[in-house]
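Look at the two complexes coming up: subunit A is in both, with subunit B in one and subunit C in the other.
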Partner chain A sequence: MSTRDVVKKRVSRFKNKGKDLAKLREKRVSECVELRKAQKNESFLKRRNIILSSLPDEEAFSPEQNDTLSFRIEDIIRDVNSNDREAQTRGCQAARKLLSKGNDPPLKEIVDAGLLSQFVSFLSMDDEPTLQFEAAWALTNIASGNSWHTHQVVQHGAVPALINLLASPMLHISEQAVWALGNIAGDGPGYRDILIECKVIPALLACISPDTPVGYLRNLTWTLSNLCRNKMPCPPLSAVQQMLPSLIQLLHLSDKNILSDACWAISYLSDGSNDRIDVVVKTGIVPRLVELMNRKELFILTPALRAIGNIVSGSDLHTQMTIDAGVLNVLPKLLRHPKPTVQKEAAWALSNIAAGPCKQIQQLITCGLLPPLVEVLRNGDFKTQKEAVWAVTNFTSGGTVEQVVSLVQSGALEAIINLLQVKDAKVILIILEAINNMFIAAEKLGETEKLSLLIEELGGLERIEMLQNHENGIVYQAAHDLIEKYFNDGDVEEVQVDSTQTGFEFKAPDVQKKFEF
Partner chain B sequence: MAKRIADKELTDRNWDQEEEGEEAGTFSVASEDVLKNRAIKKAKRRNTGGESEGGGAFKGFKGFSMAAPSTTPSSSLTAFSGFGGTGSFKGFGGLSNGTGSTPSFSGFPSAAKAGVAFNGPSSAQPGADIAAQQTNGSAPGPSPAPCSRSREYSRQLTALNQSVRDWISKHVNDNPLCDLNPIFRDYERHLASIERHKTSTEDPGQKRSGSAPLPAGVSFNFGQKVDAPALGSLTSKPSVPSFSFSSSSNQSSPFGSAGPSAALSFGGTKTSDAPAADDKDEESEEPPKPEVKEVKEDDAFYSKKCKLFYKKESEFKEKGVGTLHLKRTAEGKTQMIVRADTNLGNILLNILVPSTLPCSRVGKNNVMVVCVPNPPVDDKNPSVAVPLLIRVKTAEDADELHKTLEEKKG
Partner chain C sequence: MSMSQTPEPSSDGATVTEEATITTPEKEKKADEVVEEEEEEEEYVVEKVLNRRVVKGKVEYLLKWKGFSNEDNTWEPEENLDCPDLIAEYLQKQKSANEGKRKAPGEADGDESKSKKKKEDQNEKLRGFARGLEPERIIGATDSTGELMFLMKWKHSDEADLVPAKEANVKCPQVVISFYEERLTWHSYPSEDEKKDDKN
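Showing the complex of A and B:
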């Protein structure tokens, strides 16, 4: 039959040409990404297919693509609803092209035209791969719309059919199904879990083989990441455990896009309770994540850093695993990264490591984290400074006396004192807590006087006194209490008065201990 | 557990969006009503002017020293370790002396900031960089590399620039409309004297010919009519230079201004906190005190500077700072007058001291008396006896006052 010949021809073209035109394909894929970014109305978690990587190129950029306006919905409806395979194919392809156009594709019109049932039925026509392919592509693009669009696709029964298509011997058809399913999973936890129940994961994982082309793997990794995504609820633990081994495999490849999406997947999986983090770190992936955190490509560094940041927000054991994997050698670099958000994420991770036991705090000191910490305290943008302040306070809370002294000597005290005038009351309170903790350490050394003097020299007293004017009453109280406790002037307010029969008796205020030098 | 989860969801879609920046900003002050009801505490200053315990602090100080262990003892940086010896803080004592002065920070303390660098070896450079930026045309610009100058010079320049930076930022924060000219004049003066000092203590290979050598650790006065000769009689010790800047920056002549208690009450509060600083105060940076002593009490047989408090409800409220005088009246009775240390010299207390006056020693340095206050403290109950607390500088002074009152009352 003619269609079969067409199919054969295409496949043969695919086999011959696939590799030569890799660059051109990449360009189109990146154009696809560009269009994606430009379309702000589109749901962020979905991707519309402008061009598929495993598609033969002639198919891809046929001139008709630009003449989409010449297709009329009524013609499409008539064709798709006919019993003639050729007409159906023609109609379906026309719809696909309409749905693939750059600006404002008519997703709703196609849905309202009642075409979805037909498209879904085309998916199962194994003897009509062209039709299957066009229908899968059309449905992908509809599912890339908002939740209503995706809902329509699912309601018309596309999911089981698409999952079946994953096993298609035609790579481009299988890949198209991967893409469509990625869009549906990305809609939210509801559809994600429906897909999982329909056993999408084993079907997807079966598509990974040593021969799988990179472009295919990129789509697949992205779809997997959407299955890892979203909380409330998190993906079922069993599903996560199914996906993890493959994600680990993908994380060891060298293609940057695969690495990026795989890191995103891990960052989503590690964003949860400690047992979620546990499942992730037990795969042994932490060293690889630390490696990827050290990459210069921002789109790899960012999710890897986020994943590590999530992991160190877990237990002390989880944190130790990252330290053992060398995270402390990379963090100083990231604290000095030109991009403020990277600095901020690094400072956040540092603050969580500093919230650990003193053994880990010691490792912070040994690995030279104090100087870059002080640098961001001084020069970072405010969001980064906030994280750094948390790091200081956590440090003073969990650190030994010697460690707190090291912290002070590094210049951190001066730096946080210089932040005492900021707008954010929470930050001020955290700083005051750090100073209180430093005094507690000083008490153990018998050196509170010296610390008081140091704070005075650093200009801290004026700033703390000023805080008593703060509009926030808690800040006022904290500042007031700090002065009262460690900078007491022997103020009259402190004098207790007892009245007795003979007059007034006064208890003396506490005398400050003097330290001999 | 102090671990914190991520504050913001990060995805493959939003990670490279421009984040809205957040400004550190400055906090808002509470309203007048709220402030009125707050007890504002003043922090005790420990850093006294010119005391040699500065050196002792370096020696004995193991804990919170800022010394980077790798620096040599003679380096300027160890001199910063611990806490600078000379009265080295910038303060605005005017904060609590709220007798209605002009902008609340118009006063400035006697011993001002020592501009100590607390950040270990790396600190020299930031200081020097600031120096490079802040220098004006008249003084030779210091080179950004401190190693090409004497350490002492760098130290002093760092201290000067940090003082200026902090002073300016504080005052502009408080009152953006202030006139900073006096400060720049003071800066020029200080810079010139540092320069003179530097050249006089360095090799002849330097640019300028040296003038009379000045000892290290000189402290500078700002805003005074006195010039260089007033400097430098301090013993040379490795104390950190201290700089003070003119007080009220929005008045043309910083001193001798009508700003009532602000500038002048510093003298009061500061010296009362720095007992050993008196002998250095002649050449120090305190605003001239002559105004304070204008109003003299001729026939007092006992006078003592003090702070007067009166008891209201369950706490003591400050009446003011002034001088207490004891006089003999024509009838042979004893009169106690406390006059405020202002130009007006208004009376804070004026009573006869009867033999029955309850008078007790309280705390470290206070004397308590109970009497009907004149002028009244409570207009609704003007003839009710009220406890008054007289706070003096030292315990010895308190003992003396108490003894004198006991002897002379009645």
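Showing the complex of A and C:
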């Protein structure tokens, strides 16, 4: 037998041969943990002078009780307040682990134990990176609680120390500081603006480089989004302008989580007055947003759609930019999306585009937005239908006569008539307004009678008549006015509408344009 | 011609004027129809359009006359009027009461990103160097994946994972060297001298 064979044979008998290295380690670790747990339980029981057999089974084996917690916190306090670095690290880490628990971490207990001052002081110990890291993590989790918790963290002076940590050469420490600051910014406009005043933005932006790991960038993007978040007041314009170029960069990456949070940031920034929207669209980001709106991942398309929805609530120019970027090709798809909130947001965006000039309304028709609009009017959930009704009314208000005719021919009139039976008074009023606008258009063609007949055929007259008994006075009045104006059988004359009507400079349409159902 | 949101001058190039005049209709085609209004030589100037109604299928506007009080407001058929911009202004006001752009209704129905996040464990989804941690030491090696991988223990983490040796060699060469050094073994073979000794 050759030497090699002998060696092979011996090695093949070795117990761990052929086993996955990682799995072996896992097994060793879990065995260790079991031993440790058992040892811990034993020492607890010893401390309490309890003999195992005298206890009911549950108590003997569950270490997760309140007095155990206070034991642990006592130990932590002792360790953290000592002058021994090792003890401090041990204590801080123990606190961090408690605070990282899945269910109900003891945030208040840790705060009440008076540990925050020490944690904050640990943040500046550049010669003790482990301590810095544990303290930053612990503070992150406390700041992740409610406003009171976050307030405690800030009150103990964490902010400047955390901002300094952003420059730490240890990436995981810097990242932890990013996270903690994100939680503080997320509390509301107050702390957000305090952070901005403390110059957090340049410090954060300095952390972005081509080598920055994806995980770090995810946290950073999220923190930036919180700095863009909240209104009353909106973030200072100067801060927004500082952050925008980096946000645009992040929006062109491929990591999905980064894209999602970057879109949220843009959606916050575009949620406001038209000059805020202007700042956003001037970056040229609109085409990318439309692209992201087209993604299948819900957590990306939702904020992208929200951002676009905000932009089309701006000026006609802003809206035109979205149209030029192809938004009308994506909206039909979203109006048919399986998730109702997506449909609703898409319908809202559509309603705002329909509130634009007739040139844009024409683009709606050309790009086939009418069929899906009618579909949601018929089948959408109520919130979506409400937005769709707004779209119809806006359409009838800003549209040309021909455009309104197209709308009626698409089935929208029938659909909104069917919605007259809802309980929501506002919706009813908007529908009545749409019908009124349709009559105004019909007048120009001399076809108000035809329209009245059509509405009657579709069951609309009946519904409007019933609305005259509606509890809401404005609804009653509006329904009544409509009946009076257009449905009174009394002296109906053949109305010849002059093509030389000077009021509107209206050119008589060709014979085709009628309210043919 | 369309009813857009911003008042536009009429397409035939007529000038937009604040005031408008009413003159007795000259090109009235309905010669048999009695003109309701008095045919006066004077011109009255419309100050503002206040309201709109439809009577017997005809559109009429309530007008405020310049130089007259509100008590003298009258309803006039629209075909008699020559103040398109005032009418457009009135219609525009009616429109913006209910229509026009509507801003976001508020929070996006619970779909929004979390405002605060608790950190539960260390970078759960990322692996290897992407976790951004500092290498502590290599505790194992394997090539079962086809390329040589090191099992890396990271500082400040209990979770070790695999990294390609190629990457580790560049990013933390000293750690790699330590790993190899720790595992150097020397194999001794009998030398010529020892053989001679054995024979004795």
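Following the convention adopted for this analysis, the second predicted complex is superposed on the first by the 419 of 517 C-alpha atoms of A that agree within 3 Å, B and C clash if a C-alpha of one lies under 4 Å from a C-alpha of the other, contacts with A are read in each partner's own complex, and residues count from 1 in each chain.
Note that in this section contacts are C-beta pairs under 8 Å (C-beta built on N, C-alpha and C of every residue); 3 or more make two chains touch, one makes a residue touch a chain.
The structure presented is a predicted model; accordingly, all values stated were derived computationally and were not measured.
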First, second, both or neither for A:Trp179, with subunit B first and subunit C second: second
Partner chain(s) touched by A:Phe133 [first = subunit B, second = subunit C, both, neither]: second
Partner chain in contact with A:Glu447 - subunit B first, subunit C second, else both or neither: first
First, second, both or neither for A:Ser351, with subunit B first and subunit C second: both
First (subunit B), second (subunit C), both or neither touched by A:Leu171: second
Partner chain(s) touched by A:Gly411 [first = subunit B, second = subunit C, both, neither]: first
First (subunit B), second (subunit C), both or neither touched by A:Ile428: first
Touching partner for A:Asn394 - first (subunit B), second (subunit C), both, neither: both
Touching partner for A:Ser144 - first (subunit B), second (subunit C), both, neither: second
Residues of subunit A contacting subunit B in one complex and subunit C in the other: 225, 229, 260-261, 264, 267, 271, 302-303, 306, 309-310, 312-314, 341, 348, 351-352, 355, 390, 393-394, 397-398, 491-493, 495, 503-506
Subunit C - residues contacting subunit A, complex: 1-6, 10-12, 27, 29, 53-54, 56-59, 78-79, 81-82, 84, 87, 95, 98-105, 108-109, 111-121, 123, 126, 129-134, 139-142, 144, 151, 155-156, 158, 160-162
Subunit A residues within the subunit C interface of the complex: 20-22, 25, 29, 99-102, 105, 130, 133, 137, 140-141, 143-145, 150, 170-172, 175-176, 179, 182-183, 186-187, 213-216, 222, 225-226, 229, 260-261, 264, 267, 271, 302-303, 306, 309-310, 312-314, 316, 341, 345, 348, 351-352, 355-358, 390, 393-394, 397-400, 429-430, 433, 443, 448, 485-486, 491-493, 495, 498, 500-507
Subunit B residues touching subunit A - in the complex, by the definition given at the top: 1-7, 9-16, 19, 21-31, 34-35, 38-47, 53, 56-57, 59-68, 82-84, 88-92, 95, 113-114, 116, 118-120, 122-123, 166, 170, 173, 309, 311, 314-316, 318, 358, 360, 362-366, 368, 370, 387, 389, 391
Subunit A to subunit B touching residues, read off their complex: 44-45, 225, 229, 260-261, 264, 267-268, 271, 298-299, 302-303, 306, 309-310, 312-314, 340-341, 348, 351-352, 355, 371, 374, 381-383, 385, 390, 393-394, 397-398, 405, 408-411, 413-414, 419, 421-425, 428, 442, 445, 447, 449-454, 456-459, 461-462, 464-473, 475-476, 480, 483-484, 487-493, 495, 497, 503-506, 508-509, 511-512, 516-517
